[in-house]
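What follows is a set of structures for review.
Two complexes come next, and they have one chain in common, chain A, joined by chain B in the first and chain C in the second.
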Partner chain A sequence: MEASRHWRLKQERYTLMGEICPHCEEKIFPPRDICPACGENARNLYKYSGRGEVYSFTTVYQAPAGYEENAPYTIALVRLEEGPMLTAQLTDLGDETVEIGMPVEMVTRKLRSDGERGMLVYGYKFRPQLARTISA
Partner chain B sequence: MVNKIKTLHDILIVGIGITPVGEHWEKSIRELALDAITAARSDAAGLKPQALFVANMLAPYLSGQTQLAALLADFAGLRGIEAVALEAAGASGGIALRQAYLALASGLVDTALIVGVEKVTDHASAELEAALATASDADHEAIHGTTSTAQAALLMRRYLYEHNAPADALAYFSINAHANAATNPNAMYRRAIRIEDYTHAPMVSEPVNLFDTAPLADGAAALILARDDRLPETLPHPRVRIAASAAASTTVALHDRTDPLKLSSAAESARLTMQQAGLTHDDIDLFELHDQYSVYAALSLEAAGFAKRGQGWRLALDGAISRDGRIPICTFGGSKARGDTGGATGVYQLAEATLQLQGRAGENQIANAKIALVQCLGGAGATASTHILELVDGS
Partner chain C sequence: MTDHKVPPILKPIRDVGIVGYGAYIPRYRLPASEVARIWKAGSGGLLIEEKAVSGLDEDVITMSIEAARNALARAEIDPSEIRAVWVGSESHPYAVKPTSTVVAEAIGATPHTQAADWEFACKAGTEAIQAAIGFVGSEMARFALAIGMDTAQARPGDPLEYTAGAGGAAFLLGPAEISLATIESSYSFATDTPDFFRRANEKYPEHGERFTGEPSYFKHITSAAQALMQAIEASPSDYQHVVFHQPNTKFPQRVGRALGFKPEQIETGLLVPLIGNTYAGSALVGLTAVLDVAEPGDRILLVSYGSGAGSDAISLRATELLPERHNLAPQTQDYIARRTEIDYATYARFRGKLTMK
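Up next, the complex of A and B:
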């Protein structure tokens, strides 16, 4: 079940809450408390815009246990516009062809489900940026 | 020649055991390990080890077994000796040698047995993918449905993109591995392939195709180590010493790396070994690197300094990695064609490199091989362990 494990991560999973280092201003996502750039404590919260671009991507056909019902699905490394990179699924692609550099934005979706009686885990995925957000 | 390694005594590999990689439905994890241990002890003229170091990644998930080292020590007739298992995903084998090396170098242990073992074929594909995905960051990668193949695919696509390389740029890593496995009796796929086989192969996770991935299978390999003041009176084979030993780490998650196309742990551990041994790239006769996916072969050649960034694939294209090339790699087929045995991989590599240096590699022999660089990676390279093995003159 691991309910508490996912509950602990709700801020980053639902709102892209990360950190910014008060010493060197390194922006950090996912949050990790010690700044990877300068080694000092970095617990100042920083909320990311949710906009970024595709750094690389692929399709998973042979899914791990717990993800089979979603297969095939697209996984990407997304470079957030503030700098950090994260791993996430791409969603709402429709007929769009994914390319490196494609602008994407964060949405909240179901990440996995553990059977009829199991827990549903929600979190961030990324979809192609809508026209209004690109021009903004 | 700065910082050359200083130990009072040489630490030698005095016996090796290699078992065939494949689908061993009839054998349990303990039986697989015993076959390799028995072969290695026989190869070392019966030398009894004082300590057992087990390299394994998946037994807790796939065999429901922790304390694997105690289990294997008992099953192998070594009940009572110190025994510990080391886990660093695909780097477990190199890490096990590293720990055994430290134990022998400390003087507190005189002889050691290392066995790498993995038992995977009791499970279906979805369970294996989930077990392998434990080598990624559970909270920030695996939760999104990543797999080890997907990680390699993310790197491979970016590699081809950044370096403007053709779609079949990595083909010759696979072709080389299959050519070398064709004459390896312990290999899973003893069949050479052609460029057409690669270019027509089905996609597994674009741009990774079937021939960019190594087949995960059962296997076990073992090494016996001894300090040179604790050797049996007669050793049946030429002596191979551990000339350098190193390990390094970097972020588990790909997205946390400043430059995902740089395997910094591989680069650092390789640099440390070259420094310890006082060697340059020209001194290396063969490089057993970790080719679980073909992109890792290219990135490893670049990390170790055999090619500039973005140029590793050209060494395969130019034939430099073949058995008569400038820097032969995966001389018994690598993970790609010998078969990928998870945490046992590093022990296979080390045993194969030892055969090369002892002149016992049969049809796979690299002419006049004296010095081998051996490196294995955990997951997408969060852990890397590198060793240099050297034939002892006049042995």
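Up next, the complex of A and C:
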């Protein structure tokens, strides 16, 4: 049970909250104290749109503890449209095949549960962009 | 006991409306014929075509978050102005720990907000809407979010298994002057009727026997709809659309006919043939499909039903702001069109009906 860690990361996980560096405007995800681009303090929050594309992907058949019930599942390196790259599960694939460059969008999903009696952990995953009859 | 010659409708001090709305329906579909195949029931007279099934990583929390985000996209307001996040469901993921706090956190409504889970079988969502009308209408809050969402449970082989689906909708209530649809008035009708229930710690509900149908669904919906229309001097022909709770295709069609509505008034909001009975989400997701196409001035009557039993009737009128917000979030039909058919075995896996340990 790591309730304190899940609690600490909830904003980042639920809403894709990262940072923008006030010195060089580098967009940062996951959030950290020091800007990786210029080395200055970076603590200004920045909420990402959740849109991005698949940079690369692989399918996990031997899942780590806590994720077995979802296996097999696909994880991807997703390049956010604002720049940063992150690792996340892909979901709602149905019968769609995953391709490099595929447009995806962030959804908040159940990541795992700590057993029958434990806490449910929620966070970001990405799914194929929802097809819309009339685009926004 | 007071003799109410005019039914006592629920009307707030300040006029209230729906400032934003959003639906969510999961991707997977289980055809009713597939349930019939497993239980050797034959495929004649099935109550629906197919039902929506939530994926392995979905529950009422994740589905409510997406519907709420869609409602906020249409409302175009700052989520920190929301003073209540209320989720009505009979499939809250936790027995104790609110669904609503996770939803409120994920949409940016915390910490200056009420958060609570509502429960009244299939009408928990409209209960939350009426409470939100009171919250906004009394000027305690400028905005309140009400959600009805379910991943409905059904015992394998039970007749409910054909229809018990997953989905729902979120409605942001706020001042009428910035609304996409104003609330004209509402009314609630409730009695102690034991037609359907699930005891604490039981996985599946009990239902049937003599209280299904006439003394429950039909009596409560008819009473609520007639009382509201009588009180506000409206008649069925005044409405462009009517949405009832939809446990199957026949019940809403029959109650609509009995009340004097025509099939074309029911059609747009009747989603049960394609997504199943989404319980607390059922009437509400039907309302989102209507709002997606409604024109300014259209009147809409919404009547929910929850076992146990009660009905909430709400009369709405679409405003000039509605058409320009239709496309700020995915439409309900977009979710219905996103469809992957699954077989019974996959359904059993997705719904946790397989013993893994």
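Keep in mind that, in the parts below, the second predicted complex is superposed on the first by the 131 of 136 C-alpha atoms of A that agree within 3 Å, B and C clash if a C-alpha of one lies under 4 Å from a C-alpha of the other, contacts with A are read in each partner's own complex, and residues count from 1 in each chain.
FYI, a contact is a pair of C-beta atoms (placed from the backbone, for glycine too) under 8 Å apart; a residue touches a chain by one contact, two chains touch by 3 or more.
Bear in mind the structure is a predicted one, so any value in this text is a computation, not a measurement.
S.K.: Of chain B and chain C, which one contacts the greater number of residues in chain A?
M.R.: B
S.K.: Could you look at A:Arg51 and tell me whether it touches chain B, chain C, both or neither (first, second, both, neither)?
M.R.: neither
S.K.: With both complexes overlaid on chain A, does A:Thr59 touch chain B (first), chain C (second), both or neither?
M.R.: In the superposed model, A:Thr59 contacts chain B only, not chain C.
S.K.: Of the partners chain B and chain C, which touch A:Asp95 in the superposed model: first, second, both, neither?
M.R.: second
S.K.: With the two structures laid over each other on chain A, which partner does A:Leu111 touch: chain B (first), chain C (second), both, or neither?
M.R.: both
S.K.: Where does A:Asn70 make contact in the superposed view: on chain B (first), on chain C (second), on both, or on neither?
M.R.: After superposing on A, A:Asn70 lies in contact with both chain B and chain C.
S.K.: Going by the contact definition given at the top, which residues of chain A touch chain B in one complex and chain C in the other?
M.R.: The overlap between the chain B and chain C interfaces on chain A comprises residues 70, 89, 111, 125.
S.K.: Any idea which chain B residues touch chain A in the complex?
M.R.: 125-127, 129-130, 132-133, 137, 139-147, 149-150, 153-155, 157-158, 161, 204-208, 253-256, 260
S.K.: Going by the contact rule set out above, which residues of chain A touch chain B in the complex?
M.R.: Residue positions touching the partner: 5, 9, 30, 36, 55-68, 70, 73, 75-77, 84-89, 100, 111-112, 121, 123, 125.
S.K.: Under the touch definition given earlier, write down the residues of chain C that touch chain A in their complex.
M.R.: Interface residues on chain C, with respect to chain A: 26-28, 55-59, 61-62, 65-66, 93-94, 102, 105-106, 108, 326-331, 333-335, 337-338, 340, 356.
S.K.: In their complex, what parts of chain A are in touch with chain C?
M.R.: Chain A residues touching chain C: 10-11, 14-15, 69-70, 89, 91-92, 94-95, 107-111, 120, 122, 125, 130-136.
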